[in-house]
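There are two complexes below, and they share subunit A, which is joined by subunit B in the first and by subunit C in the second.
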Partner chain A sequence: MTVASAKQTTGSSPTPVKRRKRFDRQGRMAFWLLLPAGVAVFGVIIYPMFRTLLVSLFQVNSALATVTPFVGLGNYEHVLASPDFWASMGRTLYFTLVSTALELVLGLAVAGLLNAKLKARWLFRTIVVIPWALPTIVNAAMWKGIFNAQYGSLNALLSQLGIIKDYQVWLGDPTLALNMVIIADVWKTVPLVAFFLLAGLTSIPTELYEAAQLDRASWPRIFRSVVLPMLVPSISIVLVLRTVEAFKVFDIIYAMTRGGPINGTETVAYYAYQTAFSDQNFGVGSALSYIIVVVILALSAVYLRLLRRSDMSLL
Partner chain B sequence: MKFNSTRVRRTIGAIGIVAAAALVVSGCSVTGASTASGEKGSGTGTINALFMKQAGYSEANIDEMITKFEAANPKIKVKPTFVAYEALHDKIVTSAPAGTYDVVHMDVIWPAEFASKGLITNVTKDFPASWKTKMLGGALSSAEYKGQYYGVPWGPSTKLFFFNKTMLAKVGATADDVKTWAGVLTVAKKLKAAGVVKYPLSWSWNQAEALICDYAVMLGSFGGSFTDSSGKLDVNNAAGVEALTWMKKTIDDGLTDPASLTFLEDDTDKSMASGKTAMELNWESTLRDQNDPKISKVVGQIAVSAPPAGPTGLNPGVNGSMALAIPSKSKHQAAAWKFIEFITSEAEQDKYAVSSMTNWKNSYTKTDITKTNPQVFAAAGVAYDSMISRPAVANYNSVSQILQVEIQNALLGKKTPQQAMDDAVKAANAAS
Partner chain C sequence: MKRATRNSILIHIAAWVVAIVILAPFGWMVVASITPQRVLITTPLQWIPDSWDFSRYVTIFSGGSDGVGTTFRAAMGNSIVVAVGTVLISMVVGILGAYAFARLRFRFRRAVLILFLATYMLPQIALLIPLYLILNSLELLDTTTGLIFVDCALVIPFVLWILSNYFMTIPDELEEAARIDGTTRMGALFYVVLPAARPGIFAAIMFAFLLAWDEFMYALIFTSSDAAKTLPVAISEFAGRYTTDFGLVAAGGILAALPPIIVAIIFQRYVVSGMAAGAVKG
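The block that comes next holds the complex of A and B.
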């Protein structure tokens, strides 16, 4: 051991204590800084989740119920045996699949346009984001007006173009109404998807395009062999996000159709709301909420598994 | 290994803390509700009141009433919140545990549910005996459950029959021709044939309570009722099915606007105000809107009568009365009661007779009051004589939703009226 190193050793002996003290101080500071966030997370996420789980195991028939018999998994059994639940599940699945697919295809097209080297590209990018910036409730009210059977602009447009003879009641038939709600949802969400994909598009190096062009690849081929594989990370994020969001769809239904006609637009989240708050059947409503969570978890897991196979996936 | 066991211990610890905290916060009840009721309070302070923004008293009317009340009671401030009728029930339910509101506007179909589940306060002790004789029976039922009072009626209400007399005159029809539903159909066919209006009739047949109200009027006029003597739903009887068959036929014959299946009362109101509907059922305040030049193109053209009579000769109106109740967790119950007493008083209701009819029998004899809204007073007087009520059951909302779906199934031709009503009765009686 050299003198220098010996000096260093002796001199460094109090350092860990000091460090620990500093660490303790920092730890305490971090604790206090994180506390508000922790309380908020506990208050608005963990506690309600735990309470909902608890309520789902009891028969709770009033917002102020104090007598609540324990029913175990009875509420879950009740939900799974209910034809109304399966019908709403089917509608939700349809809504999720169709709206997500449309949003992805249209979003990709819009992203392609926004990525093109146009004059005033910033202006187009700003305009496209507007539907996403609208609150869902405003979007729903607007589309409700557009689809109105008496004075809606869709009827006016189609009849003036000679496509329809009589005004149509767009929200008056269960299947048609569900598709119309999907259109409203797609209009609002395409910008979000487009921006996610645009981010992916801008990160593709131009050299790849140039190389493909040198190889005399056609545009469809470039799209298939260069653009799409490079976009997989963005697509994977968008797919997971949108599937989960679409599966939980509630507000646009509440504002546009309130589940009608003939429950044709009653999605599973709306069904859960009705059961819990309109029928005051909070036990069954809570069980429904947990079933929704399980389905979303399962869907996400399948997606992540599929996408993880790809080398390019971020997930 | 050490790391794993530490993590496991930490996780279990965290779950334990969460569980303990949840139980502490919940006060050991699953819902978090305690048995402690609200408080009378000092009779002063700020009270929050929840109102419906639709038919009846307008927001401006209620704001005026509040200003007068606050002037007379300077120690009480009233903070009103207005929501659409469709949101009112759920808002009352979700705000119940927190005691957010001190006064809530309640529909005639809810006392059974709210009272049996303890959401509203029993005010029988404060309810003067004289009110029971001085108020109209139909209005009283909006605050009563099992002989106890859970609020104070605030306007009886029923759906009346509104028609555009200018349009009717074009086919030589008068008020006398639309006194029966058969007459209404004849006039409607003439209006359509003459091209006066494409769809003479529109209704509020959206999947909502509004549909049940319209169905109730038709059911009553065909001599039916919702329940049998034991209180079980039995709309699959002859009258129930005939009423629905009649409704469906008006769609098939092109007399009813097919958009009716997406309409609430406000939409039929607008449709008539824009001259697209010749005849409709709607609440009393409709005439006020039709004669408001800001929102109506048919000012002065609309007349009103009691609902037309069905084949039985009966023409009951649907009981759509409302009441004001005090939620059980309110901490200002004394002040809330003072406010309710004030705005439900005869003097106050008389002032706004154009918007809503009054509870007080006496008002109907005062010519200076009836002349403020003579047509509606005349029509409502007849309609209030016999009213059809919707079932007073604690699970009314579920029953109503089942009925809404099945009635729409028949109206859209997905099921025959008989099949639809059979299914409704089966599902509703299984749910209760």
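The block that comes next holds the complex of A and C.
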């Protein structure tokens, strides 16, 4: 015991030279510990990143193109001048804003329920985790079946309840279809958001609630003055993650509507996919994906600035 | 007291509503998967069919000349190989890296961590074509190895983030005590940090598994046959080909969803404590 404490004191107050040495040793160790992760992640993405950037500066009109003239920023100009691009951008922004907002609000409510004193709380938590675990493609197929114009259960339910008279073609109208895709996405994602926020909720010390209750604060007041401020870090993380994810949305669109009807659900990632793989226009497709990266970086920068201002930042 | 009971009743009602909204669509898919086709296409819809029909599950499990069963079973195998392989590699690599972020002091520590997390912002579409060419030249196209390779790059940043946050909540003293007794850093990591980090590790495993199981875009472009096609790709093909047979798509979808749902239910109780640390500390 005495030896141990003696060692500890020498360890905690080293001479500057010693500290420098230890720092170097830790640095070398960190390098070796991080090397596998670095190789596995950056080994896969660095070259493709540069390659795509390069391709975005050339005109590449097929997978086997032999003549690929350099066009500089021509592909970017082409994209930015294209009304299809701006339309897809608008839809993506709408999808991102509406789905993220709904997921956040509903996620907060569900997180509160997950945290509440419920009978059979384990059962409730088990049920809530199901949509989160459901694969996106299965979720899309399921909602496509539910929204089916002839045999879908939504039409059956609403007409049997007398809410609608005639069967609706839910995925037949561009605007309506985009909203239906949002419903499917929100249903799947609210549980994920709720569990994230629940993690934040459970780390709020109970003394804070008790103190607020002693002061006879009302529940809305407790929510606003105690819960919300303590949840700021969790909410910010969820906001960044969900915004980035929603902006990149592809899978659910591919499986539910393939961008249709009349491009009504064609988001910018799907538009880039179409341009590159259906139209075989790899140059423009690459430029498009870099524009997505820039927009996501800009959005994240705004969020991180807000986060930092909140003084409880992640990074 | 009275207000408390009223609140409790309201909370229970709300929980019921949420549970029904979650279970109803899923429940309908389950019922549809065992409803005879002729009942599925009657209008008005019969919620509870007069007879049950398990033939779709039979088709999926025991072959069928049209290839649905073969494709599905191959895809299930591929998905398991890809997900388990990705989780294993990501966890080993992630634990080592997270330990460095949480416990060691080195230059550019924050910058390196941010760099890892920033990869999340890259859309997969931006990497698709060059990766296709690389995998092609390495002869890894249409192989599960190739998919594990690219999936790990998606999953590792998440694992690093969850684990390094969790490792930071484990008191330094625990590790110091072990090291004073002569254990090396690696020894301390394995015998002290890892056992204490169990919730964080389980949370990371669950995240990694769900991410890998759900991955679609890489699998869509990089696989083309039963040799490596994963379940999401197979299901999306079924849904495209058998547009009129929702029952078959539903049956396949439920089977494809079972592994992640089981994993999520088992690991669910660790996720809250495993991330609780992550959300506050940073």
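A few notes on this one:
Throughout what follows, the second predicted complex is superposed on the first by the 269 of 315 C-alpha atoms of A that agree within 3 Å, B and C clash if a C-alpha of one lies under 4 Å from a C-alpha of the other, contacts with A are read in each partner's own complex, and residues count from 1 in each chain.
Going forward, a contact is a pair of C-beta atoms (placed from the backbone, for glycine too) under 8 Å apart; a residue touches a chain by one contact, two chains touch by 3 or more.
Since the model is a prediction, treat every value here as computed from it, not as a measurement.
With both structures placed on the common chain, the touch criterion links A:282 to subunit B and to subunit C.
Applying the stated contact rule after C-alpha superposition, one finds that A:118 touches subunit C and leaves subunit B untouched. In the superposed model, A:161 makes contact with neither subunit B nor subunit C.
Using the contact criterion defined above for the overlaid structures, shared-chain residue A:300 touches subunit C, although it does not reach subunit B. Applying the stated contact rule after C-alpha superposition, one finds that A:51 touches each of subunit B and subunit C.
Of the two partner chains, subunit B is the only one that A:149 touches; subunit C does not reach it. Note on subunit A: of its two partners subunit C and subunit B, the one contacting more of its residues is C. In the superposed model, A:81 makes contact with neither subunit B nor subunit C. Of the two partner chains placed by superposition, A:214 touches none, neither subunit B nor subunit C. Common to the subunit B and subunit C interfaces on subunit A are residues 42, 47, 51, 55, 148, 150-151, 277, 282.
Listed in rising order, the residues of subunit A touching subunit B in the complex are 42, 46-47, 50-51, 54-55, 58, 60-66, 68, 148-151, 167, 169, 171-174, 257-263, 274, 277-280, 282.
Against subunit A, the residues of subunit C that register as touching in their complex are 8, 11-12, 14-15, 18-19, 21-23, 25-26, 28-29, 32, 40-41, 43-45, 47, 89-90, 92-94, 96-97, 99-101, 104-107, 109-110, 112-114, 116-117, 119-131, 133-134, 149-150, 152-153, 156-157, 160, 176-177, 180, 185, 210, 213-214, 216-217, 220-221, 231-233, 235-236, 238-239, 246, 249-250, 253-254, 256-257, 260-261, 263-265, 268-269, 271-280, 282.
Those residues of subunit A whose C-beta lies close enough to touch subunit C in the complex are 4, 7-8, 23, 26-27, 29-31, 33-34, 36-38, 40-45, 47-49, 51-52, 55, 109-110, 113, 116-119, 122, 124-138, 140-146, 148, 150-151, 153, 156, 159-160, 187, 191, 195-196, 198-200, 202-203, 233-234, 237, 241, 244, 248, 250-251, 254-255, 269, 272-273, 276-277, 282, 285-286, 289-290, 292-293, 296-297, 300, 313-315. Subunit B meets subunit A in the complex at residues 18-19, 21-22, 25-26, 29-35, 86, 89-90, 93-94, 96-97, 113, 117-119, 206-208, 257-259, 261-262, 271, 274, 276, 328-329, 395, 397-398, 401, 404-405, 408-409, 412, 414.
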